[in-house]
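Chain IDs A, B, C and D follow the sequence of writing; residue 1 opens each chain.
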Amino acid sequence: MTVHPILEVSDVKKYFVMKNGLKKDVIKAVDRISFSLEAGKTLGIVGESGSGKSTLGRAIVQLLHDIEGEVLLNGKSIIGLKRKELQKLREDIQVVFQDPYASLDPKQKIKKIIAEPLKIHKKPDREKSIHEIIELVGLPVEFLERYPHELSGGQRQRIGIARALALSPSLILFDEAVSALDVSVQAQIINLIKKLQNQLKLTYLFITHDLSVLRQVADEVIVIYRGKLVEKGKVEEIIDQPVHPYTKLLVSAIPEIGKPIVLDEAGEEEKVINQMFEEGEDGCPFYSRCEIRKSICLKKFPEISKLSETHDYYCHGISNKKEI
Amino acid sequence: MLKKFLIFAFVCMFLIGCSSNESDAEKTGSDEIESFTFALPIDTQAIEPFNGTSTTSATVIYQMFNALTRTSPEGEVQGDLAESFERIDELTWQFKLRENVAFHNGEEFNAETVKYSVERMLDTSKQFGLTSDYLFIDSVEIVDDYTVNIITKEPNNGTPLSLIYLSMVPKEYIEENGDEYFAENPIGTGPFKFQEYAKDAHVKYERYDDYFKGKVNIKELTFKPIPEESSRIAALESGEVDLITDVSINQLNRLEQAENLVVESFPTTRVSYIGFNMRKDSELIQNESFRKALNYAVNVDSIIENLLEGNGETIPAIFLSHFNGYNSGIEPYAYDVEKAKELLEESGYDGESLELAIAANTKQLPVVEAVADMIREIGVNVEVVQKENVLMREEVAAGTISDLYFFNIGGAYNSSELMSRIGFGSVQRYSTFFNSEMDELRVAANSEMDEEKSEQLWQDYQNNIYDIAPAIFLYQEYASNVLSSAYTNYTPRGDELILLEDIEKNE
Amino acid sequence: MFHYILKRLLQSLIVLLGVLVIVFFTLRLSGNPIDVLLPPGASEEMVEIYTEQLGLDKSLVAQFGIYLKNIFQGDFGTSYYYKEAVTGVIFERLPATIQLTLFSFLFTLIIGIPAGVYSALKSGKASDYIVRIFALIGQCMPVFWAGLLLIIVFAVQLNLFPTQGTGSFRHLVLPSITLGLYSAATTVRLLRSSMLEVLSKDYIQVATSKGLSKRKIVWKHAFKNAVTAILTVLGIQVAGLLAGSMIVETVFSWPGIGRLVVQSINNRDFAVVQAVVILIASIYVVINLLVDILYSIINPRVRLMKGSSK
Amino acid sequence: MIRQIVKNKVALFSVLVLILVVLFAVFAEFIAPYSPEDQHIESKLLPPVWDENGNSSFILGSDELGRDVLSRIIHGSRVSLIVSLFGTLLALIIGTVIGAISGYYGGKVDAILMRLVDIVLAFPFILLAIFVIAITGPSVFNIIIVAGFATGVNLARVIRGEVLHVKENDFIEATHSIGANNFRIIVLHILPNIANVLIVIATLEMANLILLESALSFLGLGVPAEVPTWGKMLAEARTLIISNPWNAIFPGLAITITVLGINLFGDWLRDYFDPKYVEK
């Protein structure tokens, strides 16, 4: 039996236009990314900071405007919806944000924060739902009367999750949802997230730069570099048998848990890349940092190469499978 | 370090302040006054004599120019550049001119000058501020070098008087250099020669040694506009200026006690009254009993005594006692609350609320507030409203001004001119009182050649005004000037012009 | 940067046009100069002649069109009251106002900066309170009242300065202080609080505990904060330029733009008021642009351009 | 909060001053010995009671029309407070609406609104006040409108900056993600988060409006003739500043002390709302 994918993303693009006086610079934050996700599964989106993974997440959940390409949720297109339809869509997709400090309104009590989505979507029995939800995320009911600043980071993130759960969505986007937390707290939250997935049959998009977190939560992974998808596969395939030089770089840096990987020695290389973008050529953005680069990499972004049914990569440098 | 810097900064401020302390230049010579500074309440509007419409501008201009006639300090008309004048028929006045008078550049004054000056004034395309005052003149005829006839459009008793503001200007000089140049570098026949004019800062003159009445004592004369009264007084007290005008009555007591100052308080031609807006469609205001009731309600004597400290005269029918045709038989409306209430009853006043308008920033606001208080005493609801000056005048002209409005107008030189300025008459722009019989009476009085008959007509006119009561008649205002006691022989003038020709050093 | 400035200048032109429209029409709604120009006894005939000669008989829109056209030819009109070109009338007054403004700014600096730094360093001590109270009072006094009090004390009683007028450096002292009082007080308060903020920062504490000269650190930061405070105050002062100078110039009989504009409004001297407003608005716009640019130079974190991303 | 005020002497002083002024304004009829309009022209321009020429029935002396200066100051607090309170309220409304819309929506809306704001700011405010009051006539209402409008436009810039700042917070995006519309976000999430700043600004603007009213009175554009205000009393007494200085000093002190009180209170509020301060 084939499971119908809950989310299908094809050729999604999000370009930003920077006006610089009379010149216009186009920044391709997300460029032609496609993937699909089955119900009840977790897709990890991984990349360095600035790779465009958060933009991709926001593009999928329609927190950004002017997105090209196609995003289907349960088979229905959710791109370019009108206000009312978009409002309706919000019930189905929820987001848990990175910073548990900044993502809760400091002026509102927890009760109000959790109740807000219910209120907006005019759900009945709010009082009861709130109690259920807060217990679901493992916090005592007394917390409802508190303000965010009276809570710890982990507790706050539980509130963030509770808010996302309030409307019983079919898809939740976790945007670096645990990266701001201490390692011990991180584990607790990851456990909660996984428990909830099983319990409520939830589908997750999980954005992270941290491969150890990824291994714990994700079923499938896509690797993003500068807006381009460079490798896609099951979590074991990506972490244990990375193919793309960028993925390899990420994987080799795993031990430094929690720290964003800063390998980019900007300067010269930045310039090359910027030039490339300016000239409108569609080369491989990893070119400047790549150890196996070829001249063609500057001119043309590689086609898809399949390593297995589930494992794809995009690289000119790898000529045959044996080299891997 | 910081502390040192702070101290240094303060010391600097003070040193800078004290270092260039110029000592007042010692006035040398026996009768000569090296320099004399006169503070004005506003800047002169122009030094082009034909644009000086305000009293202040006239004061600045008149040190430099002469007209055919001039009034004595008491208001009598006298010859100035004219030696004599007479009316030779209803419309024609003949002037005999002074000989051997020269402008500051040596140009000769003669009949040509008079003709040129009058015609320049009458040229409406030049937009001179004073032109409209002289449109009653039809033409000027030169009889000989030193005799001219001025012919008016209508018979006008006041012709010689009205000419006091028509300065004689040098024909050749203007024709050669143009009006614009003249407006910046004026030349006249007066006791002072123009030196320099910096707007809002000063006007500087220097003595003209060949002045036809003999050279004056002041060698250098400076006018400084100081708009803020307290600053003006401060400048006089600190010795920066020698003469100030427009001083509040409240200040006079204190200044009189100062040893080095002399206060001159004297009656002017300025009348204060509260007009009824009779153009308004209000039965109450049209009602004579109501207007009289208010006149009885206001205790003008108390206002003069308490608020003006005696610096004012009552004006029973708004006419001034030194003007032609003054009717001394009219007694002012007495302060009589009972009678006022009686008349109010008669008028059928039913408690409606009235507005009493006064121009914003007018010194007489306390007077008006006191009047309003007195009117309220007899049971009339009245509220004082301040209106921006220009808008107030526009409203008066349009007849849309409040029921009552305070006006204070000076500059008239005879009865006819006073009536036209305060706007009692159908042809006046600022009139709120139209009465064709009164208009006819006024024209007749002004054109009657027989002086006695003319006087009689004016007296009738005043009786009528008193009876009709188109205003609450308040008082004739006094002006107060304060002079440094280093000088003397300063003659206050009813027309508020200040002529410095006779000023001497005090021994 | 160049593009930014160009864009700001273009926007400024739009702003100036807006200002011009407002002043042009409100002025004409607020009364007619004829009543000022003619003596009270003037006849209707004379009023008509004047109205036509001044072009006031045309429709407001037509008048505005003519005015705009003339401006582009560099002609700002003729003063009804002074009967000469407006540019001349204004440029005659301008030096006096610039002088006064510059010196009041100088006063602001001389008093405001040391007092602000001093107050921050002595924070909590009696001397700090004294400086702060003076600063607060400086901000709380109506300008004309302060001016009159200064005249009475320093000119009349102590006879240190002249009461009014222009001429020497001494004439500048009292009006400059009066005009600069508010900004000096503001400088003190701004500088004190920004200095305190810096002084409480960890790295300063660390630096001082390591034995680095406190004075050196203080001066370095004092300088940077002072410049920022000055720029802020400069902005405030320019915004209040006309209001302040209107009052100070009246109190001290200073022959500047402020007094000119008061008189010109009273006289409905349209062309003069319009030109002064345009001048003041232009100064405002230019100074603000300069202040913004300087800000970005001093404090590179404040970027002139905001990207359109996220 | 009250405990904090009592602890801080400066705050206590400022609050006491403000309470006193409010009491004056509310109960003027009961506190003032005379009606502010009562004229006694026979006993005009009296010095205060402690002067040798003073009169015990006029504690702070009398003015040009023999009106009791104390009564006028007590009644004058009313207009000063009304102008500053309602003017500030109006300013806050205008400033918040423009600032919030401009800061929140950004882009073209922001550009257009800010250019309009620039026009008003580049236009010398005092002239605007003169024009409007000249045309509409002096009334407390008109002064509130004019002052509130101009101050509000000025505030719009500050508030816009604050909104931009708050807008950057994740919780705004989070609120978006649960389906809240813009209006809800502005009203329920942005405004409460800039309330602290608004309160502090409000106190400072109240102080400025009292000064503005006195400046307008100086230029002869204040409130109607018979309404006593501090600004007008001061402006009217300025010619007497040498001969009868008390007439100018009392209203001047009333303004200075009240403005000082409001300013100090504003300063204290700023510290109070500043988390860094609380931590200390």
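Structure notes:
One rule holds in what follows: a residue touches a chain if its C-beta (ideal position, glycine included) is under 8 Å from a C-beta of that chain, and two chains touch if they have at least 3 such contacts.
Quick caveat: nothing in here was measured; it's all calculated off a predicted structure.
Common neighbours of chain B and chain C under the contact rule above are D. Set against the C-alpha centre of chain C, every other chain centre is closer than that of A. When chain pairs are compared by their number of contacting C-beta pairs, B-C comes first. Ranked by how close its C-alpha mean sits to the mean of all protein C-alpha atoms, the top chain is C.
As a whole-number value, the distance joining the C-alpha centres of chain B and chain D reads 42 Å. For this pair, chain A with chain D, the centres built from the Cα atoms lie 51 Å apart. Chain C and chain D have CA centres that are 21 Å apart. Shown for chain B are the residues that touch two or more other chains, namely 228, 230, 234, 237, 388, 390-391.
Multi-chain contact residues, meaning those touching two or more other chains, occur in chain C at positions 30-31, 148, 152, 156. Under the contact definition stated at the top, not a single residue of chain A touches 2 or more other chains.
Taken together, the chain C residues at the contact with chain D in this complex read 11, 14-16, 18-19, 22-23, 26-27, 29-31, 136-137, 139-145, 148-149, 152, 156, 200, 239, 241-243, 246-247, 261-262, 265, 273, 277, 280-281, 284-285.
Of all residues in chain B, those touching chain D in their complex are 228-230, 233-234, 237, 248, 250-251, 253-254, 302-303, 306-307, 358, 360-361, 365-366, 368-370, 372-373, 383-388, 390-391.
Across the complex, chain C is touched by residues 1-3, 5-6, 9, 12-14, 16-18, 20-22, 42-43, 45-46, 48, 51, 53, 124-125, 127, 129-133, 135, 180, 183, 198-202, 224-228, 230-232, 234-235, 237-238, 240, 388-391, 393-394, 397, 409, 411, 417, 420-423, 427-430 of chain B.
By the touch criterion given at the top, residues 37, 39, 41-42, 44-45, 64-65, 133-135, 137-138, 219-221, 224-226, 236, 238-244 of chain D touch chain B in their complex. Remark: chain D residues 115-116, 118-119, 121-128, 130-132, 134-135, 207, 211, 214-215, 218-219, 231, 234-235, 238, 241-242, 245, 248, 252, 255-256, 259-260, 263-264, 276 touch chain C in the complex.
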